[in-house]
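Below are two complexes that have chain A in common, paired first with chain B and then with chain C.
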Partner chain A sequence: MSETDSNVEDLYLESYAFTTAAAIVGSVDRKIFVLLRDGRNLFGVLRTFDQFANLVLQDTIERIYLGSEGSDDLSKPERFGEAYRGVFMVRGENVVMMGEVDIDHEDEHLEVLSQIPFEVAEKELKSIHKQKMKFEKAKTKKLLSKGLINDFAKSDLY
Partner chain B sequence: MLPLYILTSAKNQPILVELKNGETLNGLLTNCDSWMNLTLSEVIQTSPNGEDFLKIPEIYIRGNHIKYLRLPEQTMDQAKEQNLINMEQRNKNQRRRGNNNGNYNNNGNFNRRRNDNNQSNRRNFNNRRFNNNNNTE
Partner chain C sequence: MLFFSFFKTLVDQEVVVELKNDIEIKGVLKSVDQYLNLKLDNISCTNETKYPHLTSVKNLFIRGSTVRYVRINPNAVDCTLLQDASRREAMQAAK
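Entry: the complex of A and B
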């Protein structure tokens, strides 16, 4: 009797976090969405996390959203590509945001989009990123000539 | 079960590491620590644009350069099993400790006695010096 009691206590202590990262404890074993600083969209089941918000995702899918063909506007998605990625361990520093996904409605927004092969989407996204880098570089130069600083980091493509 | 615990249970398995600069490293995880510093063996390094490849026998990665890791599918189950085994072992140890309460008290006594010995040694030493002083006088 006392033995089972102590086991329950062990479980409780193990799942209890003492920092603000504990806010995501309610999302454990649920499907979540994670946006990384490099612009990657990950969808997977959150299995565990720690005080740095390092995340472990299982059955992860990486999805790329693209605008209409020939457009580099990512804010109005019309096409998407996705790839299965398996078990993911994300270092907390690289997370921009995350949130729970409603699994009853998660595919609804995809119905109005057309699916393209992941490799094609990846290639297109890369060229969009390349363009953005070029644009930001020019912007930095221009601002600098006016004595201003362009707040842009190469690794921030989200 | 913390992420780093899962990482340690993925030792000797093939993993993929992507660094913040976009480089990827495929190799066997030989070791890791609590800062997520890693050592990999039999590594294939891929450049950020995915065009250049490099074969490296062994590599060390400083944890703070890592963006993410991809682990083999079965790692989660293995970590769970390992955790269960550890829990059982811990429970066994706790039970044993519970039975040996008396011994622990003895241990405390042992320490105290050892302190007593030290004190008596010091006393002897002082006496000896006292005697020596006497002799010189």
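Entry: the complex of A and C
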């Protein structure tokens, strides 16, 4: 990066100290990952954004991590599926977290996982989500009968 | 705005953020904005492997609305000052 480039960024950071914009500006034109509220993992190049963390991603890949076959435990990934998605415009409210990916090490964690076709992974994930919705629905009902509220939004599957 | 100011004093401290999906992320707080969106550097995931790609992630921007707790070093908090500030803000609001 040339000296003028970094100066431009410094100026920007100073005039927008501690805003959403200042936090994301350093990741523009870098490879990032985004976790959405519906549980999707997107990997792509961040092209632009605004103060709501609305994002535009280019050359996006969607990846699904799954546990071992027959297991619905997502916390111990053993398999993954991925698909090319192209350009994505993400509305900020759906973002859970996003981060810059170290492109020298991004594939290291995949080496211990086995790849399966995306369609298979998608189908499996869908049934896991369905089960979770069913579970949460029952939980909401039970809690409600005791006068309590279940802190779960239908779209929160991350 | 009290908590925004409070979080600003925590910049460059190590914090642990627990999200609503139960994952915990440790990192150095780099910036915070008015929605309490957080930016962490040098992150590590302490309890979950649900998102294995986090090992290759350098910095993380977390949307404030998905945060459940932020755990901070007790030495980094001046409770008397915080109490004073919250009283002052409450008084201002009552006026």
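Basically, the second predicted complex is superposed on the first by the 139 of 158 C-alpha atoms of A that agree within 3 Å, B and C clash if a C-alpha of one lies under 4 Å from a C-alpha of the other, contacts with A are read in each partner's own complex, and residues count from 1 in each chain.
Methods note: a residue touches a chain if its C-beta (ideal position, glycine included) is under 8 Å from a C-beta of that chain, and two chains touch if they have at least 3 such contacts.
Predicted model, so just to flag it, every value in this text is computed and none were measured.
S.K.: Does the chain A-based superposition show chain B and chain C clashing or fitting?
M.R.: Verdict on chain A: chain B and chain C fit.
S.K.: I'd like to know which partner A:76 touches here: chain B for first, chain C for second, both or neither.
M.R.: second
S.K.: Between chain B (first) and chain C (second), which does A:87 come into contact with in this model arrangement: first, second, both, or neither?
M.R.: Touch status of A:87: first partner only.
S.K.: I'd like to know which partner A:96 touches here: chain B for first, chain C for second, both or neither.
M.R.: Second partner only.
S.K.: Looking at chain A, does chain C or chain B touch more of its residues?
M.R.: Counting contacted residues of chain A, the larger count belongs to C.
S.K.: Please work out whether A:58 is in contact with chain B alone, chain C alone, both, or neither, and reply first, second, both or neither.
M.R.: The first partner, chain B, only.
S.K.: Counting only touches as set out at the top, which of chain B and chain C does A:33 meet: first, second, both, neither?
M.R.: A:33: touches chain C, not chain B.
S.K.: One more residue to check, A:47. First (chain B), second (chain C), both or neither?
M.R.: The answer is first: A:47 touches chain B but not chain C.
S.K.: Enter the shortest inter-chain Cα distance between chain B and chain C once the structures share a common frame, rounded to whole Å.
M.R.: 16
S.K.: Just which bits of chain A does chain B share with chain C as contact spots?
M.R.: On chain A, the overlap between the chain B and chain C contacts is residues 93.
S.K.: Using the touch definition from the top, list the residues of chain B that touch chain A in their complex.
M.R.: Touching chain A: residues 1-4, 6-7, 20-22, 36, 63-64, 66-73, 75-76, 87, 91, 94 of chain B.
S.K.: Note which residues of chain A are touching chain C in the complex, please.
M.R.: Interface residues on the chain A side: 18-20, 22-24, 27, 33, 35, 37, 41, 43, 53, 63, 65, 74-77, 92-93, 95-102, 105-106, 108-109, 113, 151, 156, 158.
S.K.: Can you check the complex and tell me which residues of chain C touch chain A?
M.R.: Listed in rising order, the residues are 8, 19-21, 30-35, 37, 39, 43, 48-63, 65-66.
S.K.: Name, in rising order, each residue of chain A that touches chain B in their complex.
M.R.: 3, 6-7, 10, 14, 36, 38, 47-50, 54-56, 58, 85-91, 93-94, 155
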